[in-house]
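Sharing a structure with you now.
Here the chain labels run A, B, C and D in written order, and each chain numbers its own residues starting at 1.
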Amino acid sequence: MARIEPLKLGMVGGGEGAFIGAVHRMAAGIDGDWRLVAGAFSTDEGRNRRTGDLLGLDEARVYDSFDAMLAAERALPEGERIDAVAIVTPNHLHAPMSIAALDAGFHVVCEKPMSLNLEEAHAIAAAAERSGRHYALAFTYSGYPMVEEARARVARGDFGAIRLIQVEYSQGWLSSALDAEGNRQAEWRTDPARAGLGGCLGDIGTHAFQLAEHVSGCRVESLCSDLTTHVPGRRLDDDVSVLLRFADGARGVLKATQVAAGDENGLRLRVHGEKGGLDWAQMEPNTLTLRWLDRPAEMVRAGGPGLAETTMARLRTPAGHPEGYIEAFANLYRAVAATIRGGDAVAPAGAAAWFPGVADGVRTMAFVEAVVANAGSEQKWSGLAE
Amino acid sequence: MARIEPLKLGMVGGGEGAFIGAVHRMAAGIDGDWRLVAGAFSTDEGRNRRTGDLLGLDEARVYDSFDAMLAAERALPEGERIDAVAIVTPNHLHAPMSIAALDAGFHVVCEKPMSLNLEEAHAIAAAAERSGRHYALAFTYSGYPMVEEARARVARGDFGAIRLIQVEYSQGWLSSALDAEGNRQAEWRTDPARAGLGGCLGDIGTHAFQLAEHVSGCRVESLCSDLTTHVPGRRLDDDVSVLLRFADGARGVLKATQVAAGDENGLRLRVHGEKGGLDWAQMEPNTLTLRWLDRPAEMVRAGGPGLAETTMARLRTPAGHPEGYIEAFANLYRAVAATIRGGDAVAPAGAAAWFPGVADGVRTMAFVEAVVANAGSEQKWSGLAE
Amino acid sequence: MARIEPLKLGMVGGGEGAFIGAVHRMAAGIDGDWRLVAGAFSTDEGRNRRTGDLLGLDEARVYDSFDAMLAAERALPEGERIDAVAIVTPNHLHAPMSIAALDAGFHVVCEKPMSLNLEEAHAIAAAAERSGRHYALAFTYSGYPMVEEARARVARGDFGAIRLIQVEYSQGWLSSALDAEGNRQAEWRTDPARAGLGGCLGDIGTHAFQLAEHVSGCRVESLCSDLTTHVPGRRLDDDVSVLLRFADGARGVLKATQVAAGDENGLRLRVHGEKGGLDWAQMEPNTLTLRWLDRPAEMVRAGGPGLAETTMARLRTPAGHPEGYIEAFANLYRAVAATIRGGDAVAPAGAAAWFPGVADGVRTMAFVEAVVANAGSEQKWSGLAE
Amino acid sequence: MARIEPLKLGMVGGGEGAFIGAVHRMAAGIDGDWRLVAGAFSTDEGRNRRTGDLLGLDEARVYDSFDAMLAAERALPEGERIDAVAIVTPNHLHAPMSIAALDAGFHVVCEKPMSLNLEEAHAIAAAAERSGRHYALAFTYSGYPMVEEARARVARGDFGAIRLIQVEYSQGWLSSALDAEGNRQAEWRTDPARAGLGGCLGDIGTHAFQLAEHVSGCRVESLCSDLTTHVPGRRLDDDVSVLLRFADGARGVLKATQVAAGDENGLRLRVHGEKGGLDWAQMEPNTLTLRWLDRPAEMVRAGGPGLAETTMARLRTPAGHPEGYIEAFANLYRAVAATIRGGDAVAPAGAAAWFPGVADGVRTMAFVEAVVANAGSEQKWSGLAE
């Protein structure tokens, strides 16, 4: 067999001190599928350079701007230039950068939410289509093995027809006015110009929505929402409640909040059908609890007996050796690498090489727009734009 | 000191095989405050007699009807006749029987929901008022020691101003069409004539609502609801979702369902304020989890250090000796006994002798009416009648 | 059918402020099988009288001494006199009182440990034999429904041949020198004259041992122990570690301690066989976790699907309505009542009417003696006397 | 600042299909501190080559043997040759390879146990001493952030003087005779020639022992053990029970087993002092539970408030984003890299750059020898060789 070279990654954003950029780098590094070789980490020149040095990059490939990176990398010979760009900037840059990168012939791994609004999301979708490049969206939580197990079990009908879908994403870190106190993470997330239509809604409500539809296989038909801003002076919502009506009759509730003081990163999904239900919580991600109408509950465990093949493909260690958030994220990078290496087709949901992308992104932006519009009106139920 | 005689209890409903009647009897018996001495357990004569015999009752005090019991007991000398009536029938009998018992001079412990509708609830309230007798409503869950601890901590401001209130009550036992298959418990609960306006809503939604307002001390100002009947042929809702807006700005979600296949009796309350939040789940009732913005989470335990005096008053055993549902129920009977013995005043929420009563009942029936009306309309937000 | 009268109970010990006497009374009262009618609660006359009054006893049946109670009750006509005596005194009185009560023709429910030593245990056994009366020993934890479920599943071979038995009982309340500071509970438990050979060993080590043998069905053949007294000045052990070798090859560890500061009442049993294992913890007693070599772990739940009939017979409420310590205790009283009413034979382990008695008591006292002897010697392994 | 180049790693063992070699590679790769550049992965030439290709290695640096790797790498210019060797072979090769690598001037990261016996361990210690190179031993579990938090809290006296130390490591994967059925992992682990004196004892008992001493800061003074082989035909122990007596009076129990059918990787440590205790379990590693004599239990969480600086240094993500086994392992590689880069001294326990090494290894081999000797004798208590 031939030696397998790592794919080459360029990154925009993610300078020293940023959170999610470092996660992308670890996720890309853990399996040896990727090597970070280029970056435009910060518009602050010193910070940009320091980040490049800390990461051991060739200084010629630490660029002053995203545009400079695209231009210079494009000019390098194939085999040397980057294969893909990781976009880990605030939200308002996602769309222009994604489109530029795709049009420049690079694959893209972008942070969520996809864009500021649905119109931008459609523009990215069009760019992905015309470029023939892959576009991955960091809906990290769908990379967890037990999320795949949950999806697989719903899909094969273990629970019968689905009736109830409950998803919640509960954080507390924005309980005080961090955004007004100079916290960088908080600041841009609550600025409509950089975050988009939704605050908490865009930041974590989108994760919850994508997870719910991805696992249940059900599509939201209409919704009724309440958006609140609890912290005085904040410019975007910090608390989201949504009643959901799904096609085929399932009903649900989505709750996302960033002011549940003391809560960490409480993403939890429950799906119930006629015969039983599943329960998965991100903070203890290696257990999927199944409850049944007619027999004792089961704890299906990462690495344990009874898993789907597509779940096993997302695991690295035997049962009882906990894998976590970075590994879930790495599963996304691994799937993107496999897809790039394997050719053009994007794998269907559930395949070992599936990753969240254009369809998930457009759908979540339609969700964001519907929630915002409904919350601001006297109308009880609103549909989602296609 | 003088010898303390047990109070005398008569029961209507609760014949052999019924669930909640037996619970009332155990709850009344555990502390020695009450002795069951009379009953009209069933309209089926044989079942009525057998129940009386099994319970060791004097056969003269096993009555053919509720009216016969009231009349005969009233005719007995004070000190011999019953002090109170426990009403454990289907819902449609709660109001007429409560009113008759109060008017006959007996205290009442009644199963929830209070009545078929708000009008009846007001009529009971009036009867309690004019009779000067005590009326207790079996919102059992407020009898748990750690629920009292939760209430006490919110009341003393541990969490700061309250922002989020999430309550859920998830059962799965009505996932199949038990009501059409002759299950007695299921049958009357889904019959509008006997259950009232709400199915799941009246049966367990009322518990969730009472718990949320009782613990948080916040009052729902308006709500927006979705009521569903998932099981074909069922005549009342089996799934309830409600967005809640509280006075003073708190927001919440109430979710109650009886079709979460595999779920048992999943009542859970979370309340978050500016500084932290509490989390209590009925199925593991001896732990109250507190999470904080600025320090590690705490597990406050029944019998452990740091409890309010009013919590301690609801406990029987040292830490680590689990008390459960029957003990919570017994706390209600204990409080009613203390109130009867002590005189006329009903204790305020949080007092050792507090029990849920008229105010809780009227309020929950207003909730039921508002949810049903809102669910059937295109109006987004509805207020609660006073 | 004939009316079923409650059995009549007399109690010795358990005056105001005592812990376990109150538990016996609640346990006896919850199901209506028993009525407390007589007592010699304290050698302090005032305390004795006050306790009688608080409990609503006829003052003629509040006796100055245990002997007075036996004599007076024996003189009452059958049908009026007590059926059984509950002995809830410090350990040194268990044997003389049990023997006197049995010889006077009363059934006995006695607190554990059975006696000060094995010799006394044999004397009680002889008294029970010659009197034809029933002797129940309050190994409360074997009354939990899920303990019965555990026992039933081992007995029917679900796990294959048993290999590992791990039992631990971890408390922290004796971490400081309470015994030297006037705490009554602590004081007599650490006094060899009143507690017997073992401190922690006798108080809770006996529970752990009885539970392990009862559930596993395996018998300890030899043991190797380490007894420690951590708190300076304490006269008996407060920490126990024992290696166990069972007949048929199973191995085990028993750990009991009362100086695990912060621990409450942490009794836990794990039993593993060739195919899987069980895990039960007293502080969350309504779940029995089963783990398997070849399939996902199961959470068998009190009231849920898949329970043995003998488990169901020990439950009072549907799934999700937690039962606790008092209900477990009540199952013992219920079984004793059923046995007294039903005739002479003591039911075999696992029967609905089984309760721990003479055999469990003698066996645990042999265990206590073996542990103490082994701990004090250089011998590695010691057998248990028969 | 200067660009930071990754350190260069060579690996021996860890060919396609091996478990722990892949974990070492992920752990080394996740933070970008290391790059795998050379290997002798298997004595099977095809497997060796395929592994090199899969990992993208230059084929010139995929060596036929460990000796060839040492010789060739040593001949490369500094800056190009490997910095360290990762030894991930069966146990019998640990000592000769470690010594050869150290003597050739390379740093070593070796899998546990250190060696076949104490004599070999001393020989490695001597080689490390004379070479001036760093020797790290993969006691992975001490790399978990919350293990460091536990250690830090004991060290600063939060619990007062330590009294109880309980450690258990419960696996079930060797419940059946996998070793006789061709399972490679099982086969060598149960072969005395390749595994050493202990089976389960050497494989996981050593982890438990190291964790207990590392966190508690207490040293075992004497022990009393029982070693069992439950599976017929197996040549080494598969079940270990040890009573421990620590210097300064603490007592403990160590339980390690590989025949707890259904258990996964259940490493758990509890340490109790006069004032409270800690509880940490590897399968949910991001929570450290603290229980106190005088206040509610706390759940200290990875990334949450209240952590020691040395804990924070071992974390990569904010609270609620679970890190797991691979990240714990990576902390070891990170510390080794920091130590190599920073100069010669090995950091003391608790420092950000601390990693387990020679001292831990020698100590655990002394433990293994003492357990085996004691188990085979009639002597009750045995000391540990220095």
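Here, a residue touches a chain if its C-beta (ideal position, glycine included) is under 8 Å from a C-beta of that chain, and two chains touch if they have at least 3 such contacts.
Quick caveat, the model's predicted, so the values are computed rather than measured.
Trainee: Does A-B or A-C have the larger number of C-beta pairs in contact?
Mentor: Comparing A-B with A-C, the pair joined by more C-beta contacts is A-B.
Trainee: Going by the average position of its CA atoms, which chain sits the greatest distance from chain D?
Mentor: Chain B.
Trainee: I'd like the Å distance between the centres of chain A and chain B, where a centre is the mean of that chain's Cα atoms.
Mentor: Each chain reduced to its C-alpha mean, chain A and chain B end up 43 Å apart.
Trainee: Nearest whole angstrom, what separates the Cα centre of chain A from the Cα centre of chain D?
Mentor: Roughly 34 Å separates the two chain centres.
Trainee: So, what's the distance in Å between the C-alpha centres of chain C and chain A?
Mentor: 55
Trainee: What parts of chain A, by residue number, touch at least two of the other chains?
Mentor: 263, 290, 292-293, 297, 301, 304
Trainee: Touching chain D in the complex: which residues of chain B?
Mentor: 290, 292-301, 304-306
Trainee: Hey, which residues of chain A end up touching chain D in the complex?
Mentor: 1-6, 19, 22-23, 25-26, 29-32, 36, 50, 52-59, 171, 173, 263-266, 282-286, 301, 303-304, 316-327
Trainee: If we count contacts the way the header does, which residues on chain A are in touch with chain B in the complex?
Mentor: Per the touch definition, chain A meets chain B at residues 159, 163-164, 166, 172, 175-176, 224, 226, 228, 230, 239, 241, 243, 245, 249, 251-253, 255, 257, 259-263, 270, 272-277, 290-293, 297, 377-380.
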